[in-house]
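Look at the two complexes coming up: chain A is in both, with chain B in one and chain C in the other.
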Partner chain A sequence: MTSMEKRLQKELQALTKDPPAGVIVNTESVSQNMSEWIVDLYGAPGSLYDGEKFQLSFKFSPRYPFDSPQVMFIGPNIPVHPHVYSNGHICLSILTDDWSPALSVTSVCLSIVSMLSSCQEKKRPPDNAIYVKTCSKNPKKTRWFYHDDTV
Partner chain B sequence: MAAEGDKFVYDPERNYDDATMAQIRVMENEIASQNNIVSDRLSLQTLMEEYADADDAFKLKIKDLESRYRYMRRTRGDGNCFYRAFGFACLEQFLTDSKTLPRFKEVAQKSRDELVSLGFPQFTIEDFHESFMAAIKQVEKQCSVTELSNIFNDQGLSDYIVVYLRLLVSGYLQKEADFFANFIEGERTVKEFCNQEVEPMGKESDHIHIIALTTTLDVPVRVEYMDRVDSEKCTQHNFPEESQPSIALLYRPGHYDILYS
Partner chain C sequence: MSAAASSSQGGAEGGTHPPGEEEQGESSAYYECNICLDTAKDPVVSMCGHLFCWPCLHQWLETRPNRQMCPVCKAGIGKDKVVPIYGRGCTKPQDPREKMPPRPHGQRPEPENAGGIFPGFGFGDGGFHMSFGIGAFPFGMFASTFNFNDGRPGPPPPASPQHAEEQFLSKFFIWVAVLFIFWLLIA
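For the complex of A and B:
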């Protein structure tokens, strides 16, 4: 087993045994391909997304955990949020600049849940239209500028 | 591509990110292919050769260094150089002076539980801790300097050790957050600073990182600053200040190497 697989195996065990509230890993997707996970995410009670279900796609390179995972929303319901583009791309610093090998799938999910929970108004990023038209398919190929941590 | 002399015009419909990031990757690979992560021991003469065309200010400082040091070991300029330089020099000194190794090993062993108690998830930190401990055990068995060098030049092992040293810095800064909050620039908490400037790979180190690592591991270090400051000598700084370090690093703006007397 490579160090990437060993690490993901550990993360999978921890995430299935002791999942944080509103985070459910789709073990069927993982059993087919260890380097691509699908995680179901539920909007936190009391937040603007209460009762909504979302899907996150995680893709891991052989250099994981040194390379950050490629993470985006997929499926029919992409949350309407000032940091989430309508194509599922997420503007979140720990997914690129601030990624650390000590972070994990669990900590990424928790950050995304918290990002959704602190949202005051459901709206798309101001540059959604132009971004979705010109961006790469892979959100990690975007050079993100993180300017606003308050939403 | 625009012909030479044409003025660059930004096209908002075009995606420039791919090209920019590809260029960054090319530069990273170039740095990686040209240099070992940690070099062999080299004569300080190589430093003088590097500055052959530089102004006298640098040459005077190198002369000053030559009066106190004879060799250096270069580290790769990938933003992790402080951790690799300190980590290597620290373990290497125990090969010749093993008296304090048992105490160092105990500090290193216990550090994992301290990090867990600070809220770092055990399953992500234990791999990094194990790699660090494995290197310490090699030193305990009196491995050769070449074997230690091989560990630090294996990208995987070397990076695992760097991550652990970064976590130690983060843990110490967070444990002493009340104190370090005074030294952090911008509107950031100590935890945010650690998340952004300590834990991610490739983020460069400053005084605050050095203070944290030398204090938490109880291994003092002397840093010789070779910078543009107007003086004929390098500025020396011991961490902690009143200590008698047995390892020394050379700092040039943005980079750390190892020095030997």
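For the complex of A and C:
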């Protein structure tokens, strides 16, 4: 078992045994392919996304955890949020520049729930239309500029 | 749960119990590497108190050589800012940092353009290298023209056949250069 699989195994164990509120890993998807996870995410109570269900896709390279996972929203419900594009790409610094190997699937999920919760007004990013047309399929290939820390 | 309960019972006897199954419970989580989440192998601890396997931390420091931060708390970190940990069971205490010395950066092959016209300019950024190379290109040509006499035999005396030959050659190359520059301009 490679170090990446070993670590993912440990993360999966911890996440299924003691999941944080609103985060449910789809163990069926994981059992088929360890390097691609699907996680169900529920909007936090009291936030604009209360009761909404979202799906996150995680893709891990063999260099995980030294390399950040590829994380995006998938499925029919993509949250309307100033940092989430309508194709599911997320503008979040810990997913690229500020990634650290001490982060995990759980901490990324919690960061995203927290990002959703601090939203004051549901709207798409201002450059959504042009970005969705021109971007790569892999959000990690986008050159992100992290300028807005308020949401 | 049962493991934790038996651990607390055993603790009442003053911790004389041999390290057995009870130790595998929650207490061993304190000694897990923050990167591989396994019990730390060749453990080192940072100044900020975070525990890592040296191989794991070393790989991370190599991944981001210009942003050396603790993966857990983003404090400054580095090879000489971590402390190796030697447990009692360790038979041959050897500094884990010596087992896998980070390669000196100077010995690693540079990316393609780094040796360019001015090898002293290590700006590190690929985009900068490229634009600088193009900007400096004409100067390189003039420099070779102006330095013609450096360390070479002087020009042959006038009116000798060599002189005529060199005159012809120099005119020829000037025209080649002019044509080349013209071609560059219209291309």
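By our rule, the second predicted complex is superposed on the first by the 151 of 151 C-alpha atoms of A that agree within 3 Å, B and C clash if a C-alpha of one lies under 4 Å from a C-alpha of the other, contacts with A are read in each partner's own complex, and residues count from 1 in each chain.
Heads up, the rule we're going with is that a residue touches a chain if its C-beta (ideal position, glycine included) is under 8 Å from a C-beta of that chain, and two chains touch if they have at least 3 such contacts.
Note that the coordinates shown come from a computational prediction; the quantities given were computed from them, not determined experimentally.
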### Message
I'd like to know which partner A:R143 touches here: chain B for first, chain C for second, both or neither.
### Response
first
### Task
Considering only the touch criterion stated at the top, classify A:S93 as touching first (chain B), second (chain C), both, or neither.
first
### Message
Contact-wise, after the overlay, does A:C135 reach chain B, chain C, both or neither (first, second, both, neither)?
### Response
first
### Greater chain A contact set [chain C / chain B]
B
### Task
Using the superposition on chain A described above, determine whether A:K122 touches chain B (first), chain C (second), both, or neither.
neither
## Note on the structure
After superposition on chain A, the chain A residues reached by both chain B and chain C are 3, 6-7, 10-11, 65-66, 100-103
### Query
Touching chain A in the complex: which residues of chain B?
12-15, 17-18, 20-21, 120-121, 123-125, 127-128, 156, 159, 163, 166-167, 195-196, 199-201
### Summary
Within their complex, chain A touches chain C through residues 3, 6-7, 10-11, 65-67, 100-103
### Summary
Within their complex, chain A touches chain B through residues 3, 6-7, 10-11, 14, 65-66, 93-94, 97-104, 106-107, 130, 133-136, 141-143
### Query
Which of the residues in chain C come into contact with chain A in the complex?
34-38, 50, 56, 59-60, 63, 69, 71-72, 74
